[in-house]
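Okay, here's the structure, questions in a sec.
We call the chains A, B, C and D, going by the order they appear; numbering starts again at 1 in every chain.
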Amino acid sequence: MESLIGLLVAAPLLGAAVLLCGGRRLDRTGHWLGTGLAFLSFAFGLVLFTDMLGKDGEHRALHSHLFSWVPVGDFQADVAFQLDQLSMTFVLLITGVGSLIHLYSVGYMEHDERRRRFFGYLNLFLAAMLLLVIADNYLLLYVGWEGVGLASYLLIGFWQHKPSAATAAKKAFIVNRVGDFGLSVAIMLMFTTFGTFAFGPVLANATEAGESKLTAIGLMLLLAACGKSAQVPLQSWLGDAMEGPTPVSALIHAATMVTAGVYLIVRSGAIFNGAPDAQTAVMVVGAVTLLFGAIVGCAKDDIKKGLAGSTMSQIGYMVLAAGLGPIGYVFAIMHLVTHGFFKAGLFLGAGSVMHGMNDEVDMRKYGGLRKYMPVTFVTFGLGYLAIIGFPFLSGFYSKDHLIEAAFARGATQGWIFGSVALLGAAITAFYMTRMMLMTFFGEKRWQPDENGELPHPHESPKTMTIPMVILAAGSVAAGFIFNLGERFVHWLEPVTGYEHGHLPEPLNVPLITGSAVTAMVLGVALAWVKYGRRPVPAVAPRGNALTWAARRDLLQDDVNHVVLVRGGEHLTRSLVYLDHKVVDGVVNGTAATVGGLSGRMRRVQNGFVRSYAVSMFGGAAVLIAATLFMRAV
Amino acid sequence: MNPVNYLFLSALLFTIGAAGVLIRRNAIVVFMCVELMLNACNLAFVTFSRMHGNLDGQIIAFFTMVVAAAEVVVGLAIIVTVYRSRHSASVDDASLMKL
Amino acid sequence: MSFPLLTATAALPALGAVATAAVPAEKRTVAKWLALLVSLGTLVLAAIVAIRFDPDGARFQLTESHAWIADFGVRYELGVDGIAVALVGLTALLIPFIIAAGWHDADPLAEKTTSRWRPTQGFFALILLVEAMVVISFLATDVFLFYIFFEAMLIPMYFLIGGFGDRAHQHGEEEAGRQRSYAAVKFLLYNLAGGLIMLAAVIGLYAVTSDQLGSGTFSLQEILQARADRDLDIATSTERWLFLGFFFAFAVKAPLWPLHTWLPNAMGESTAPIAVLITAVVDKVGTFAMLRFCLGLFPEASQWATPVILVLALISIVYGALLAVGQRDIKRLIAFASISHFGFIVMGIFAMTSQGQSGATLYMVNHGISTAALMLVIGFLISRRGSRLIADYGGVQKVAPVLAGTFLIGGLATLSLPGLAPFVSEFLVLVGTFARYPVIGIIATVGIVLAAVYVLVLYQRTMTGPVKSGLEKLPDLRVREVLVVAPLIALLIGLGVYPKPLTDIVNPAVGHTLSDVGEKDPKPEHDARGGDK
Amino acid sequence: MSTMNTVHSLWTMAAEPAGKIDSPHIEYAQLSPTLIVLGAAIIGVLAEAFVPRKSRYAVQIGIALLGFAAAFAAVIALAAGGHAKEEAQIAAMGAIAVDGPALFLQGTILLVALVAVFTFAERRLDPQEHGKHVDSFAAQGSAVPGGPAEQAAVKAGFTTTEVFPLLAFAVGGMLIFPAANDLLTLFIALEVFSLPLYVLCALARRKRLMSQEAAVKYFLLGAFSSAFFLFGVALLYGYAGTVSYAGIAEVVEGTRQASDPALAQTMGNDALLLIGGAMLLMGLLFKVGAVPFHQWTPDVYQGAPTPVTGFMAAATKVAAFGALLRLLYVVLPGLRWDWRPVMWGVAIATMVIGAILAVTQTDVKRLLAYSSVAHAGFILAGVTAATPDGISSVLFYLAAYSFVTLGAFAVVTLVRDAGGEATHLSKWAGLGRRSPLVAAVFAVFLLAFAGIPLTSGFAGKFAVFKAAAEGGATPLVVIGVISSAIAAFFYVRVIVLMFFSEPKPEGPSVVIPSVLTSTAIAVGVAVTLVLGLAPQYFLDLAGDAGVFVR
């Protein structure tokens, strides 16, 4: 069984290698190869899963040690895998959703001459992401961590000829690097504290280290998570990342990669448990992002950017939960999985819409599409219901539990974060309803595209619709299944160390559930009032200051631009000047000085014998004087 | 008379000669001044020889004269050729090469 | 006395140089092939050295020792430890690629083809000569022997920089020549000055040893032994002066801020293969010498100077990266990037931990390979367009995908992406530094962000976006060029995934160096390695 | 009263009945090198007088070569006979010392002279005049430049074959100079080798005005300095009552006291000693071209015929430093604490000023002149070491340096344009493109000057600095390396010019020399490389020769 773990990664990695080095001869078949390997990896995942179910809870984790990677003194980094329930959850999510999206892309990228390369990148992403979740030490995790970063860089910038895409890709990578800085420092801290950075020993002995150390490590891990999961203050790249092809947005920037931060925090639970301050920080970040993303989501007219904002906010939920400690971990992961289903579904739906609308992304130019693309409408609709937490759909369970857990924190913190979560639920309902209405309802606001023809919306091919259907099914059922007898909680219990049943303080669960539903209804109603009753203007109205700011991602980019980009340019330019004038100037200056000195001293050599004689005479005098003086002293 | 005075005289002569070399322009005169310096040396030699009561100094004086003569031969030859080609014996004119 | 393997390794390229230079003018291709074969032969010899070397054996192996200049206490002493093996391997490995990449760089332009003037032969002969000198300075265990070749290698390098530049130049041939010779002179004088300062220190070392050991000696092994036996005990102040004398020369060569200003000129003006030769091969002698001679000969002084040197290294890292961001000239950008990387290497060396120093040694190797890969691709690009200005490029990825791809991989290696070789060494250096100097380690880690900035900005400006006018017909990499780049990339991946063979060779040597300095790795606070594993 | 005594003694001496004169005892064998050379010179003069003009050239070369070769053989024989070490002795009634340093330097000088003969005899460089090959010397030294007399002389195909006897006399003087064992001999030797050089300087075929000017300057300043030198001798004589090195040394060390109180005021009067010593030093420092007595060097080197310059630059330095060493180590060792600091000062000034002044030179010959000044400084650094190591290092440096210089100037004679040698640096631009070989050879010499490893220059520099450091002159070493860094700058400049700058269309051409100059250059290169790669043998030689007899 252990050997299969390696194959999980190997299959897509092989695909990437073959597709990227294979050359043009693979253009015809390449995408099927990529898809096939993705499904193969998924199959391995299932095998391992069934095997795992066969064992009892405590002994389910698998370990396999491949080879010693970087052994230097105490620094022993191994290439070794650990497949426990948490990893297993991710493996299934990644390979499952990944395979579906491969399938979807076959249709979506049909007309792109660089499709082979696209599938190569997708496979590369799968491999890296799997490595990330099955690594058994932080350094190997780092490899996967950066690997997915690279894949996302390549895929966001897949249409490199568009400067906007290239810029977005670069931005994403660099912002992520800031996060990686955190991860590196965290690993160094672990090494100096524990002498190792393998999950097992570090987490087992976390309590030995002082709280300050743990807080430091925790904060650094949080920084890393912020980068990867687009949490405030490092969220700015996610919106631009929508430059990439829609399947990419669905897979990487909704379902899997962006949730890696949550994985990191949950995986490092033992560290955070020992560092309450770090946990508070996590919760704050989560809460802020939750609202931030939601607000941005309300203002966007670009359907994908709107979904991106929503993603941000949903991950905010997960991070918030992950900050709550053991009680939150399980629900964070649960929401992560359900979110994986419905958000991926929503994105694929959006992609399908764009596919039919000549790649138009502005929702103000949609409208009344439900008749033209029924499958898309239905699947998108189910995803919509799931995300707003419509009772008994998957979003309902996961989000509801999150809110409960937040309140369960108790005291002021509990109230603050709980109500933030509720508020978020309301806003979510609002902007999703807005999206739904603007896209599928109301009258047509279609505009002719650049070459003057009106779009002829049509249903997408099977390769695209099948994955949408499956994901929709998932978003409907997943939550219910997970919640059946709390099996998800028990499944993850060995990792999170939390079994349900005893909340810190008695909560009125039905009340919370009720208020959550109410919030949802309020949001929907408000949206209906604004966008359902009266027609949607084809051009965006000015709107108030908040709207304006929200459209500009709450000015976050502007701040970055002024502070980092401009400032950086000034800094480097002045440094270049300094290097040339000062550092190099000193060197050239010395040479010049010697030259000048020489030029001046030459004048003594005036060609007149008598002056030479004078200097000789003087020299003799000095010589004599010096000798006498030496004797005198 | 105290022989030391002769030393003072020779020193004086030597200095005069040196000054001449530094001051005079005409190559011949400069050269004569050098000869004067040599002769000052001779005087010193003889005086010291007298004071030490051995003959080395006096013999050296003879050698010096011979050397001086030889220098005259070479020196005049050079100066004359220069004079021929430049029609001037001023050492300051001979300053093509400088810096 | 068995077959003098080390001497052979150094002598082969030297003889090859002579032979290459002797090839008649019109037989240009013969010279090229001869040079290539010789360099490959050297690679084979280096491989044999690596195989014959036993990591767990004596500190210096395959040693050779012959009397040379008794009056100066100089012996012809060669020997390799793990670090030397790694670097000799690097040198021998890179030279064939440099030669292959520079295949047409020295083809004489029409008007210069006189029977006497044979640039091509000269070019390749000089490259081999440099290889020979670099190799022997890695092998020398006699300070004086090392010094001689450390200095002598400047001359062929000088001619390579000043004599052969890029074909086309944005300022025209006239200006190009002027800048070339300026760069060459700057290179030579800078390094010569450093070397002469070192000469004073070398003489001082002789004076000290002859004073304390009876007869002056330069043999590293003897001096180490004498130190161990307490026969040799250099006065603190003297040791510090000598250390400074040595370190100055190495810091110029490395180059360390603020002695770096010669590198951008030299790398900018010379052709890409020569730029690689400078930064990937020759400069390594400087950092290597810090590790072997500064630490070995003057342990106390090294300890004493460590704080200052670490700060300088830190400045180099950040400063180099920032200036790289600000460059308009591709080659100068890479030069500043290299300065930043040399900062990492020096930092690793003086962190005085096994991770730091092993990391630094790996870093030398990996930086050599990655810079070679990136710089050679850039050279191919420049030779196509005839300009070094970033502004003249754009959208290359569309017309020449393979070139762009290799360029990207080289770039990712430069920003030390995990999975590629440089990551391993960079992380080791950072961890090693952090273990003893947390603050410095953290600040240095900022370097990884800056690296991402300058690499990706360069890639975006040159490779992506709409195709710049004049590039529409840009040909993609030719077979020769692919053959040059592909193996390097393979190595980058291989050493990134499985660096163990290299670390196994290097670790023991680093252990010796650390024991010279009398340092031990700091222990973790709560050793958790007893835990479940 | 005291005077009465001396007068009396003098008188009584004179009054002695004239006995038979016992002839001085001369060790001809030990003196043979000098005697052979001087003999060759005299034969040369006779040859000038009696051999028909057309065959003189060949005859003179033959005589000179034979003479020098034989003398060199004699030196080898003496050295082999152990005269360099245990057999070392004072010859010719204490006038000449035959010991290691003397023989080593004599050997060096003779080899230099041999090579110099080749460069003197070169006749392929200048274009033929009236169908006759001409060498680099004026057809008739006395004739007015460009005047009818000169044209006639050229037409008649006169050649100044006197240069060979002159050379021989100069060499003879130089052989005695480092071996002289009393101040009188030293002085005579000084004049014997200076006077011919004055004349030789005036004999250039091209640029005669400059050549004559060089001669005047050299002569006047030389005479001036020798006057000081002589006065120094006089004072020392006054101090010690004798001019023999040993005698003076004894008085300095106080082993011999003034027997007669009357002499107290002169004998052992340190003022006399110090002033005299200083003036003596000045005379020698002038010859080696040390600051501030260096100003003649650039002018004379530039004006003199290049072969003469080469010979002068090489041989004069060797001889003068030999004498300086002997003076400081044999006569004034007791005075070390007085002269060492002074010599330090001189050495530093010479190194730094020589290097700095060379930076802005534009004429190859002047450049080499200033570089020779700088090198004088480096050698002085070795001299001040005041250890046996110092002696041998200086000897080695001299040997190494003299051949580099000779070779460099020989190369200079090859680069010519219409106006004769093209010595202005701007004309050397792109030489490496036109004739890579010559440029490469010159580059080798320049690198040797700069002291790049694997050349003799480095070995020499290392030797002297090592000696200085061990002698406790660390600051001197540091300043030495700094000034050699400065010096490197202008050597490199020339290389840049030759290799990296485009050749000018109207630039000079490199003449293909006859075997003579080629040999000279080849020897230069060979010595440079051998002493650079495997200096041990010669270091041993110098080391064995490093002891003065007294």
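Note that contacts are C-beta pairs under 8 Å (C-beta built on N, C-alpha and C of every residue); 3 or more make two chains touch, one makes a residue touch a chain.
The structure presented is a predicted model; accordingly, all values stated were derived computationally and were not measured.
Asks: Looking at A-B and C-D, which pair shares more C-beta contacts?
Replies: If we tally the contacting C-beta pairs, C-D comes out ahead.
Asks: When you average C-alpha coordinates per chain, which one falls nearest the overall C-alpha average? Tell me, please.
Replies: C
Asks: As a quick test, compute the distance in whole Å between the mean CA positions of chain B and chain C.
Replies: Here chain B and chain C have centroids separated by 65 Å.
Asks: Taking each chain's centre as its mean C-alpha position, how far apart are chain A and chain B in Å?
Replies: Taking the average C-alpha coordinate of chain A and of chain B, the gap between them is 97 Å.
Asks: Approximately how many whole Å separate the CA-defined centres of chain C and chain D?
Replies: About 46 Å, centre to centre.
Asks: Using Cα averages as centroids, what's the distance between chain A and chain D in whole Å?
Replies: Computed value for the inter-centroid distance: 81 Å.
Asks: Among all residues of chain A, which ones touch two or more of the remaining chains?
Replies: Chain A, residues with two or more chain partners: 591, 602, 605, 607, 609, 613.
Asks: Please set out, as single numbers or ranges, the residues of chain D touching at least two other chains.
Replies: 216-217, 220, 224, 228, 298-299, 489
Asks: Provide the list of chain B residues touching at least two other chains, using ranges where the numbers run on.
Replies: 18, 21, 30, 91, 94-98
Asks: If we use the touch criterion from the header, which chain pairs count as touching?
Replies: Inter-chain contacts occur between A-B, A-C, A-D, B-D, C-D.
Asks: Quick one: which bits of chain B touch chain D in the complex? Just the residue numbers, please.
Replies: So the residues of chain B touching chain D come out as 2-4, 7, 10, 14, 17-18, 21, 27, 30-31, 34, 37-38, 40-41, 44-45, 47-54, 56-57, 59-60, 63-64, 67, 70-71, 74-75, 77-79, 81-82, 84-86, 91, 94-98.
Asks: Can you name the residues of chain C that touch chain A in the complex?
Replies: 186, 189-190, 257-258, 260-261, 319, 322-323, 325-327, 353-355, 358-359, 395, 397-398, 405, 412, 417-419, 423-424, 427-428, 430-432, 434-435, 438, 441-442, 445-446, 448-449, 452-453, 456-457, 459-460, 463-467, 497-500, 503-504, 507, 521-533
Asks: Which chain A residues qualify as touching chain D in the complex?
Replies: Going through chain A, the ones touching chain D are 591, 594-595, 597-599, 601-602, 604-605, 607, 609, 612-613, 615-616, 618-620, 622-624, 626-628, 630-631.
Asks: Flag every residue of chain D that touches chain C in the complex, lowest number first.
Replies: These residues of chain D touch chain C: 433-437, 447, 450, 452-454, 458-459, 462-463, 465-466, 469-470, 474, 477-478, 480-482, 484-485, 488-489, 492-493, 496, 499-502, 534-536, 539-540, 543.
Asks: Would you tell me which residues of chain A are touching chain B in their complex?
Replies: Residues of chain A touching chain B: 602-603, 605-610, 613-614, 617.
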